[in-house]
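Right after this note come the structures.
What follows is subunit A paired twice: with subunit B in the first complex and subunit C in the second.
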Partner chain A sequence: MKGININKEILDHYLVPKHIILNEKEKNELLQKLNISEQQLPKISINDPIVKLIGAKEGDVIKIIRKSHTAGESIYYRLVVKI
Partner chain B sequence: MNLEEAKEILPPKLYNQLKTEISNLSLSESQKEKIIEEVIKAYKSSLVEPGEAIGVIAAQSISEPATQLTMRTYHVAGSVQVQVTLGLPRLIEIFDARREPSTPSMKIYLKKSYDTKEKAAEISRLIKEIRIKDIADEVIIDLVNNAVEININNSLMKHYDLTINKIVKKLEELLPKFKISNKENKIVIKSDSEEIDIKELQKLRTKVIDLYISGIKNIKQVIVSQENDRWVLNTVGSNLKDILNVNGIDISSIKTNNIHEIYEVLGIEAARNAIIEEASSTMRDQGLDVDIRYIMLVADMMTVDGDIKPIGRYGVAGAKGSVLARANFEETIKHLTHAAVVADEDRLESVVENVMINQIVPVGTGMFELLYKPKKKEKA
Partner chain C sequence: MVSIIKKIEFKLISPQEAKKLAVMEVTKSDLYDNDGFPVEGGPMDPRLGVIDPGLKCRTCGLTMEGCLGHFGYIELVKPVIHVLYANYIYKLLKITCRKCSRIMTKKVTQPKKCPYCGEEQIPIKFEKPYTFIEGENILNPLQIRERFEKIPDEDLKDLKFLGGRPEWLILTLFLVPPVLVRPSITLETGERSEDDLTHKIVDILRINQRLKESIEIGAPDFIISDLWELLQYHVATFFDNSLVGIPTSRHRSGRPLKTLADRLRTKEGRFRHNLAGKRVNFAARTVISPDPFISIDEVGVPLVVAKDLTIPVYVTKNNIEFIKTLILNPSWPSANYIIRPDGRKKKITDENREEIAKEIAPGYIVHRHLQNGDIVLFNRQPSLHRVSMMAHRVRVTPWRTFTLNICTCPPYNADFDGDEMNLHVLQNEEARAEAALLMAVPKHIRSPRYGGPLIGAEHDHVSGLYSLTKDGTEVSRETALQLLFEIGVEVELPNKNKFTGKEIFSYLLPKDLNIEFKSKSGVKTVIKNGKLIEGVIDANAIGREKGKIIDILEKEYGTEEVHKFIDRVSKLGIKWLEKLGFTIGLDDFEIVSKENEEKINSIIENGKKEVEKLIEIYKKGELECLPGRTAKETVEVRIMQIVSGIINSVRKVIEDSGVFEKENCAIMIAKSGARGSLLHLIQIAGAVGQEQSLGERIHRGYTGRTLSHFKENDLSLDAHGFVGSSFKTGLKPYEFFFDAVSGRGSLMDKSLRTRHSGYLERRLMNALQDLKVEYDGTIRDNRKIIVQFNFGEDGIDPSKSNWGTIDIKSIVQKFVK
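So, the complex of A and B:
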């Protein structure tokens, strides 16, 4: 694929926060802690460039560590879906 | 309570502040604990209460100052280089999630090793979109030979680092049905077949004038300037995807005001951050002080489903679960008939539909029910 090297550099872009794929155990713990089903989580498209780069699959939950103006750092979760 | 426990409760920024403040003071352990407890108490009391209608508050907090904006949008006098949409029109553009901003622009910084005036000028020439009209003195129709002639301006061509041969090659690619020849700084385009009338020649001329030769598409103008000891390329027009392939550009700090482009190239989270940054800077530039939390809430609502949804009937408001709530907002008949056709159901879970049927609204204390379990009296 063209431009793969450059694609990696977008992870360093100042607008892109850190994305981490949760493993099965972490995912279940999270859903239990929040007491929700995975469909209730915010979504992220499987075609999202960052999702492609970190190699997440449909049904994975991605933990996003945002830089926040108010809290310094805040954590957000998104479920990978087909849109 | 000690610092470790406080770390679990407080957000990182507050925690770090507390930690440094405490270490600066010489306090006894019990005093420290008291301070930590007070901070946690103050933090908890400043949190939004469950059931608070934050959406309405955010809507008011943004739109009240925005009404002021209509009346006094500042115009930048003297037009510093580039015209950019500001004020309320720009704000509407952001929240409507328009595909193309009315004045797309980019801000490109350079890598350290490229951060010189010469390199900046070189890159600016490299990325500017060049069409025939940018390098030609004139494009004329030669009626005698049934051909279109381009008179290339030599100095312009050198300025953009092009040669006649390059242009001819490009033209051959773009116009496969025509014979292209050149002498000195003239390019002649002739039809393969002999018969071509004036009308077609005129059409061909218009087409040739606008042919794309080199550079990056949509970058209509590049202005080089210096900001805080760094060279910056301000562009008119935006094309994030192709700019990323240019050598010497600092990818980590590149900016564009086209949010859909950011979504496509950098993903949904970057798009959310871009919405927040663009909206708050637009308001700040106009002298309005809206708390960033409201804008963050709106940006979160726009991006929660993984793509950018506008605020309005095609986006956030149109995605509401309740039929009555949608019908109440806009296009009443459309929603009601559709609901009737597919036998839709309204669970009456949200605010608007409960107002309509005169029930308690699930907001504030109306959101919760009280369950009282009396203790069994112990038998004496």
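So, the complex of A and C:
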């Protein structure tokens, strides 16, 4: 993985949904709203190309806004983890 | 005594621990002596537990009920591989240095050189099930064990090899299971028949003994290694007798021995038979038949079944008189047995009826017969989705089959060609309440898959309603009264002598229903204030999947209203057809006049000529290819275009002749959407058209031709499955073959597809079975880890939706007027 340059243009690809890093306050609000610990969130690898591009660190929560067949737009959250 | 299990640990057992677990060493291979007593020190030694009632265990002193049995052990003369761990042994062997026994790497591949002592490593091969070859030489279990013994504990810790030492994977001590695990049975002749495991233990003991003797007398090496190999074989097949690469161990009769692994993983094994295959009481199974006159949420239960299946009733001072009358009744509805407050059961017989009726008091439980109106679960396999099992109300019948309303067939995917279904009687109030509220048929009219009606009017109901409600249908006052009475509508009819079909149908509708929609045949249908004003009722109004009225009633009037509507409308359709004498015959397909028949023939002839011209061009090599296609493909495409042109023209001829407006029974069936389509009518009366196989014209058969009726390389329509005859006039022999080809093709396709998709579905269900919609709308698994933040991303339950969505527009319109 090291030494491979990720093309920034993949962020603009139509199949790549928008990834946003939540700040500490937003993250805590989310965990509180769902009444869960962060380990109960779905995961995303720190080696994921998009995670690398947006510069998320381990323990960050990423908000993913994607297109949905049923709802038009849907929001998903993932915890950045090692491996 | 009840004890609580605090912890279960899975680990390897060491020879020392195994020895401690055992109560004796098993040394003799004989089971019984000449007097029939178990041999001391043999596999049936009484110290290993008791299996005969009355006797006491020699080890623990308990009887058969109390003694769980005790292990014995066999000291193996030479160690053997534990087959079930052979893979682990291989993995470990590859990364263990052959000289210093350090773990050389954590990777799976074998290193060339030891990083600790520098020893050159020799590639090790694994031959299933238990042979390890280093270079050219076979590594025997003793050598492997020696290497493993020398592995330092720290290296193992690094490797995360937990739960014991690796040398324990090579057995030096064989644990003999207690006799309770392998009980012998005494046959009627007095002969004893031993369990397969006992046979296997005897084999192990015999070979072990021979091996010992051979070593003692200094037998040649090859004899010793043969015996060692044999010992390995018997120990291996003791654990698993279906290993690949070695012969299965068999009885003298040739029957394979059932050893340990077979007790667990076969279909009759612990997992699939006992753990995954639960069996229940209070259930019945029989053939199903249709009854259109019972309600959609009823099930007809044969009297013999109703007398056998029971519901437990707690006797209270309120129901004691009722229960007494039941007990005193010599036939149905009666009761089968009582359970006294102390838990003792008593069967009710003709002799003790009165005695028991006097005996019962509050606190007793009486198992009464199944009665009309009881809630039961009804199910048909394969139970692929939730509507495969629904709650029905019982209706006891004098027949021998379960009966169900044909409108309830689609969710179960049932028909009456011999299908059987299961019935389960709920045994407590909570289960019955839950079933009645959540599983009842009317609660499942809207499909959880696509959000439209899954239950609706079927075949005859649709054609009946079409015939009744089409313009011009008029009935006398008597007929109107009779129809309405038969379907259970009680109304004062206005004082007139003629009623239209539309008026009669309108009595089934709620008084405030207003809708407008397009009927199947394209006519506008208008319902105003619960009255059918214009148009006709067909599949688009009351049919399954597309019925507008069913849809709207379910959505806006609730399950009770649709339930009532479906019951009545289906009865009305059938009763009307009974009055009408609705039937089809050959006459119904006399829809093509002589003149048009000739027209159709000439269309087909012209088409054939056109194809011939095309083939001529192709054979000359002058055909212009379509982009991306070869000439051969192009000619096929062009021929198919001509064929669809022919079929379209034939259809036009029939449609233009105006027969479909005249409406006989067959046409009515197709037009109302009850069954079949106009295309089918054309196939029957006009021409069948092109038969297809694998999405192409038919090409398979002999070399260069499909059938021996044709010359080789004949590309014409006739030679490749075009059927110009109609079903009514009859097919030519070769046409008949082509029809059979496509028929067989679709049959195979269907059966292969259902099997495939069935397995896919099963895997999906097993993977998703623990996922649950929580109260906050998130989907979580059994560890409460979120899988989806909103069910289906939009949070909509399809079975409570308008075809998967929420129809906000119509909801707003309803309230903002």
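Points worth noting:
We take it that the second predicted complex is superposed on the first by the 77 of 83 C-alpha atoms of A that agree within 3 Å, B and C clash if a C-alpha of one lies under 4 Å from a C-alpha of the other, contacts with A are read in each partner's own complex, and residues count from 1 in each chain.
As a convention for this text, a contact is a pair of C-beta atoms (placed from the backbone, for glycine too) under 8 Å apart; a residue touches a chain by one contact, two chains touch by 3 or more.
Keep in mind the model is a prediction, meaning the values are calculated, not measured.
Which of subunit B and subunit C touches more residues of subunit A is settled by the count: it is B. Using the contact criterion defined above for the overlaid structures, shared-chain residue A:Ile50 touches subunit B, although it does not reach subunit C. Contacts of A:Pro42 after superposition: both subunit B and subunit C are touched. In the overlay built on the shared chain, the residue A:Tyr77 is in contact with subunit C alone; subunit B does not reach it.
Residues 42, 68-71, 74, 76 of subunit A are contacted both by subunit B in one complex and by subunit C in the other.
Those residues of subunit A that touch subunit B in the shared complex are 3, 6, 9-10, 12-17, 19, 42-45, 48-51, 64, 66, 68-74, 76, 78, 81, 83.
By the touch criterion stated above, subunit A contacts subunit C in their complex at residues 34-36, 39-42, 68-71, 74-77. By the touch criterion given at the top, residues 11-14, 16, 244-245, 251-254, 262, 264-270, 273-274, 277, 292-293, 296, 300, 303-307 of subunit B touch subunit A in their complex. Those residues of subunit C that touch subunit A in the complex are listed here as 776, 778, 780, 783-787, 789-790, 792-796, 804.
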